[in-house]
Amino acid sequence: MQTSDEVKNALNVLFRANSELYSERGFQRRIGYGKKPALINIDLANAWTRPGNAFTCDGMETIIPGVQALLTAFRARGLPVVYTTTAYNVTEGPNSDMGMWVHKIPVEVLQEGSDAVQIDSRIAPLPNEMVIVKKRASGFNGTFLNGYLKACGVDTIIVTGVTAAACVRHTIEDGIAEGFRPIAVRECIGDRIAGAVEWNLFDIDAKFGDVEPLENVLTYLRGNAIG
Amino acid sequence: MQTSDEVKNALNVLFRANSELYSERGFQRRIGYGKKPALINIDLANAWTRPGNAFTCDGMETIIPGVQALLTAFRARGLPVVYTTTAYNVTEGPNSDMGMWVHKIPVEVLQEGSDAVQIDSRIAPLPNEMVIVKKRASGFNGTFLNGYLKACGVDTIIVTGVTAAACVRHTIEDGIAEGFRPIAVRECIGDRIAGAVEWNLFDIDAKFGDVEPLENVLTYLRGNAIG
Amino acid sequence: MQTSDEVKNALNVLFRANSELYSERGFQRRIGYGKKPALINIDLANAWTRPGNAFTCDGMETIIPGVQALLTAFRARGLPVVYTTTAYNVTEGPNSDMGMWVHKIPVEVLQEGSDAVQIDSRIAPLPNEMVIVKKRASGFNGTFLNGYLKACGVDTIIVTGVTAAACVRHTIEDGIAEGFRPIAVRECIGDRIAGAVEWNLFDIDAKFGDVEPLENVLTYLRGNAIG
Amino acid sequence: MQTSDEVKNALNVLFRANSELYSERGFQRRIGYGKKPALINIDLANAWTRPGNAFTCDGMETIIPGVQALLTAFRARGLPVVYTTTAYNVTEGPNSDMGMWVHKIPVEVLQEGSDAVQIDSRIAPLPNEMVIVKKRASGFNGTFLNGYLKACGVDTIIVTGVTAAACVRHTIEDGIAEGFRPIAVRECIGDRIAGAVEWNLFDIDAKFGDVEPLENVLTYLRGNAIG
């Protein structure tokens, strides 16, 4: 259910008025790019990128090529690449690792080891890239993501993936809290309901990270700011 | 900048269509109430609840009486009450505790010890209630909130305060990730920009916690489910 | 380098005197067993359990049969079983996940995917048991261990493995901090230097968890306290 | 109960033999000093530094002057200084913040706001220095310590205080796990039982941080490595 132009226009009117208030109050500052970025691809696994799953999202015709371009740029510079997926080892009975989330969304379909939770083959990870299996929305919760990024001196996280309303947003919120500069790549973030990309990127840009067009990010990755 | 009826109506059309998709896919489940709730009042300190600050929010004419009713109910049952505020000890120079957030929003005005960061006197904490000073959006990040709730056997967090788009939402996202049942009290959550309460409560209700009217919460607090 | 009887006796003299002081001061309390235990086997992978590795530990002739008996008891009751191992995806270059620890100990030999970091086949995990790859000493740091235990309602952690001075101790310290009752199984904890098991179990028993003989733990696992 | 020379000698024999094994295996590496240190004074509050409390420790005649010298050096360079204390808001009833630790040690005597938990006046904090109230052994657990250190670019933690067997050791273990270079200042770390300082500093030096004489630390603080 992609967002119609009518909905986009209505939201944009709202965002412009809100931006005026934010601007007067000193919000919507630019956090900018740092010296060592990592690419964080959130939940671009088959359950989200391919049709027919409860988790299927829209927009892959734009997201996948965008992520391919980012992967090329990161690999050319030898910069760290991380993928997350969401998967559970025990999806029934008293010893499940699903926790409370199954009481809100259908995580019981995300069996660890299944094809559904493998990273989409069009953007397959290389052996020295990190594939982090998470259990919660944020890529940081209960994972080594923070430790890994700190261990290799990363100061900036370039974030792509799905969904804008859950895993991407929560990862970016945690990212700035943990001391990173989050950059959300506008063309590379999706969702499955109308409006969710737009309003979540608006909130993110106001308070948690810079929403940047892909072209700006690629220019940064080719430039001298890194190193 | 409270949300106009026109904006509310336009968003509601969108939310209804999105709810249909969520319903087909198995999202928007009810997490429900547990056996031991805690009240978590997010950032209801003067900088947010009183006029004239960069952080001032709308809706206090509804939020404050709602929180007063909740405080009465929690105190009558001897259940845990927690307040958060956001404040910084060092707001300039190389040893600041503000971190990256100052590069997005004006946290430099939130000096620890100042009147601005004290809890609003209309809902003042009692000595045995916890006032948690946080540095980030989420009440959980870098605080003893999780440890406290676990230490006293809490399974449900009743969440009020501001803002819907930042501290309330991030706290609820972290809350379900940490294994609590989050309940967002609809009349007791505010923001400072139009639409933010509506779309953030929509996202929360779909994926992270139940958005409930104050009256339901008060009925639960008077009932036999607790104990 | 197993601890000689002479060293054990000298340490025991010291422990008796120290226990007197602790007893007067109100330390060395009993934390006791709860209602839902999980078994946590720390780093019982080949690098630690088999000869010839920098990480090789002593005492496997006692530890392995003890863990086998515990596994049988846990599996008979359908209680959660967790194994940890320590392994790294990138052990050289600027994007390593080893972090600071490589500047103290030889973690560069623990390559993810290698035979050295697989759980010892004599105590092999079943498919519904959790194998957690950690990067640091504690089983809790940067992993889903806390989330998993909370998600399945565990209140007690029965801890075995190596080493007493590092991964076992740090896991137990974090375990009580996170709200669990740690039980260290005396016969199932090892190290590679003389005295380390004795000293660290003494400190643990005084402040962080109960050190219990295997037989007591097995009796608890057969009894009615669980459920 | 300070450690007698006889006990020290017996332990040193053991440590020498153990160091040989560690040396062959590649442990006991030097982590070294970084470019921006913070001073972390663990639990140097009256309950630990003055006579008559269950938590009273030995060795203050050496620890206090050592910490005074460190404070002078840190303040002269404008480097961050952090103190921790351990204190509880609710020490009885069902809503206590003491958690599981009260089932091992007498934390019920550490009432928040009492004189016992104030930092010792001989080493009083300045207004721009951080006093962190913790609830657990580690200075990192449930606190903003990690966030603060990262926010101001610290890479090295100079650790003093008590006790060697609990709060100091757990803080250092967490410190290296979080990516800092821990330096334990030998003369400035104490305990209340014989042998605990010696044994725990031996384990720390082997695996978690460098144990350094005060004079070396002061030389570093005067030098050009910082900045």
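Per-chain residue numbering starts at 1, and chain names A, B, C and D are given in the order in which the chains are listed.
Note that contacts are C-beta pairs under 8 Å (C-beta built on N, C-alpha and C of every residue); 3 or more make two chains touch, one makes a residue touch a chain.
Because the structure is a prediction, the values reported are computed rather than measured.
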Which of B-C and B-D has more C-beta pairs touching across its chains: B-D
Relative to subunit B, chain with the most remote C-alpha centre: C
Centre distance in Å when subunit A and subunit B are each reduced to the mean of their C-alpha atoms: 24
Centre-to-centre distance between subunit C and subunit B (centres being mean Cα positions), rounded to whole Å: 38
Mean-CA-position distance for subunit D and subunit B (Å): 35
Sites on subunit B at which at least two other chains make contact: 99-100, 136, 141-142, 147, 150-151, 177, 179
Touch-based graph of the chains, sorted into line, ring, star, complete or other: complete
Parts of subunit B lying in touch with subunit C, wherever the complex brings them together: 147, 150-151, 177-179
Subunit C-touching residues of subunit D, taken from the complex the two chains share: 1, 7, 10, 14, 17-18, 21-22, 25-32, 54-55, 99-101, 103-106, 136-138, 141-142, 165-166, 170, 173-174, 176-177, 179-181, 192-196, 199-200, 203, 206-209
Residues of subunit D touching subunit B in the complex: 78-80, 89-90, 93-100, 128, 130, 134-136, 141-144, 146-148, 150-153
